[in-house]
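In what follows, subunit A forms one complex with subunit B and a second complex with subunit C.
Let's turn to the complex of A and B:
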């Protein structure tokens, strides 16, 4: 989907790392202003690569164009985009207060009290070095700084990596609060789809570097249905994945408009998590 | 989105903010701070190494002056430490600056200016320190900060007595010309260490002899054309300027495509 009000626009982006390693293929997608977008897909689907391209951290795209508020991402103003990822180059030599000071110099709207508030909520002090934090604490610290930076485009690449359940709940609440306080474009990649589906207004599903789906969450889920019935009936339908056989019966996910109205199979709603799995190819298996 | 209580919404126009920022200038001091790291250690690290080397050299010279007839290792240590600092700034500092959200072009421009300036500054500082020490301890005493072997560049073994400007600036530029291959090497290091693959390394390796000979050829041409009391200085400055510009253009080709 593309429109004129996009905060971020990728048009036909190809990215590969040498021969045989393709990260993105013809990716065309828009991220609308003031929305939270979920970026989901299997390992190696290209989620992190896409975010790095948008953050101008990965300039080696072979084809296509990436713009932020209509300007090429490489020429966009400093502090427009902030990427919170697992790796933050050379950040481990710095204390969190140093990282905060540096971010404040770049991001005009950096909210220092908010950063302290979030870090305190996660039980992390500003004097800690990033290197001395546990995996989950570091994720929480980086996510706190990302949210407090209040960049127009905030990219959260698996921000809850290694975090315990209460911390994740705190993070999700902080994301909702931040979006309500100061609406911005947030793109969040995750594998914990059931936990985060409620945050997203829109979702982009990546499959082996291609966009498999791009739609509002409710609309996407409503356009597919799980069909359960006799194997002969289910196997006749254009299922996303091969039907899962249970004796004489089977079940599969099918696009709603492909199911005949006269079918006697049982239809039920699918969750985003189930749909994500169905829309993406199992690693090692050709579609 | 409805599971949490919604805080009061702040009215803003993010697009307008972004548009306004497009007219903004680069955050020069912020980039410099990011390049320097904690307390700016990447900037002053060579000075510490130099101080330690000079102190050790002075202690050794005092213990056995016969071992130090001409010069000590302090200057070489300072030069090497500066080159190491330059590499660290490119490999580590520049990536940190970009990760904070600074524009890649701004980071490259400032890193280039500052690291070339750092090499020039290193030479100037060493020369000035040498002059001060020279004046302080006298001509016959051991100089631990000496930057060159007496007799090699000094007239008949006597100290050069030309004005400080001519002496320092000329020899700074002359010394820098010998750093051209190293400048090319640091282009290679940037490509290699920042994972720009062999496509970056091979042109970088070829650059070393190309840059060296191009600089020499330019120097000869300009020297032939230039006339006046500072003929050598003008020739060296022009040749160096052209060579450094070409090197920086090639470095941008590498840096502009470097993942962070």
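Let's turn to the complex of A and C:
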């Protein structure tokens, strides 16, 4: 989908890391301005790579163009994009306040009181060394700083890694508060789709380096249906994956418009989490 | 792998509404609260942001649901103050609910009755018996 309000635009992007590792193939996708987009897909699908490309951390894409507000990512002003990902500095000498000082310089909308407010809510102080935090605390700290950075394009790569349920709930509320207060383009990759689906206006599904789906959440889910019935009936349909069997019955997900009205089976709605699994294949597996 | 059938927060929508798009679940939820009296006519309803934060949903989605209620004449916006329930909204919603009742509740009921071999007449008898017992 293309639009004049695209904040981030990837067009025909190919990215390989050499040694035959292809991360992205023909990726064409827009991220709309002031929209929260979910970026979902299996491990190794290319989510982190895509975010790194947008954050200009992958200068050597083999093909395609990547622009942020119409300007090539490599020429975009520093501070436009913030990437909160796994590869954050965690040297022994780095305190969170040092990180914050750095972010304040890079992002001109960085809000220090907000950063402190969020960190405090997670029970983390600025004096802490990043490396001494638990995995969940580190995620909470980095996500807090990412939100406080208030970058126009905020990329959150699995921000909830290792966080307990109450902390995740806090994080989601903070994301909503921030978006309401100061709308920005947010792209968030996650595996915890059931609990985050409500945050997203749109979702982009990556499958082995390609875009498998790119649509508003409601529309995407509404266009598929779960079919349950006799195996003979279900297996006649163009199911996304081989039907799962239990005795003589089977269950599968199919595109709604491919299920004839006369089909003798029980139909029910599909969740985004289930759908993303059905639309994708684990890289490296024989499908 | 089995997972939840709703893409909305647990508890937001009534069980009959979980398959609706999220913004419609929002509209339904607020309407339910008006019908039940939780949100009296003339009272202020939570802001879009408050609603979105409370349910951890995208503010744009909350806004879409609330805007639908404004378009339907159920809520009105007082600039600089907030959103309020329109006078007469409850009656209008009740009329709408009565019109939807057959489709929302009777269809599933009769489908189940058909599955287990109960005729509509038998269902009607059961309903009367049930209400007799309650009285």
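Going forward, the second predicted complex is superposed on the first by the 276 of 287 C-alpha atoms of A that agree within 3 Å, B and C clash if a C-alpha of one lies under 4 Å from a C-alpha of the other, contacts with A are read in each partner's own complex, and residues count from 1 in each chain.
The working rule: a contact is a pair of C-beta atoms (placed from the backbone, for glycine too) under 8 Å apart; a residue touches a chain by one contact, two chains touch by 3 or more.
Being a predicted model, the structure only gives us computed values, none of them experimental.
In the superposition on chain A, A:117 makes contact with neither subunit B nor subunit C.
In the superposition on chain A, A:201 makes contact with both subunit B and subunit C. Of the two partner chains placed around the shared chain by superposition, neither subunit B nor subunit C is touched by A:232. Contact with subunit B, but none with subunit C, is seen for A:78 once the two complexes are overlaid on the shared chain.
Applying the stated contact rule after C-alpha superposition, one finds that A:98 touches subunit B and leaves subunit C untouched. Put subunit B and subunit C next to each other and count what each touches on subunit A; the higher total goes to B.
Once the two complexes are laid over each other on the shared chain, residue contacts for A:182 go to subunit B alone; subunit C is not touched. Of the two partner chains placed by the overlay, only subunit B lies in contact with A:151; subunit C stays clear of it. Touch criterion not met for A:164: it reaches neither subunit B nor subunit C.
Once the two complexes are overlaid on the shared chain, A:57 sits against subunit B while remaining clear of subunit C. 172-173, 176-177, 180-181, 183, 198-199, 201 are the residues of subunit A that lie in the contact sets of both subunit B and subunit C, per the superposition on chain A.
Across the interface of their complex, subunit A is touched by residues 1-4, 6-10, 12, 14-15, 17-19, 21-22, 24, 26-27, 29-30, 33-34, 37-38, 92-93, 95-96, 98-106, 197, 256-260 of subunit B.
Of all residues in subunit C, only 1, 3-9, 18-19, 21-23, 48-49, 52-53, 55-61 touch subunit A in the complex they form.
Against subunit C, in their complex, subunit A makes its touches with residues 35-36, 169, 172-173, 176-177, 179-181, 183, 194, 197-201, 217-218, 221-222, 268-274, 277. By the touch criterion given at the top, residues 7, 18, 33-34, 52, 56-60, 68-69, 71, 74-83, 88-91, 93-95, 98, 102-103, 105-109, 149, 151-152, 172-173, 176-177, 180-185, 198-199, 201 of subunit A touch subunit B in their complex.
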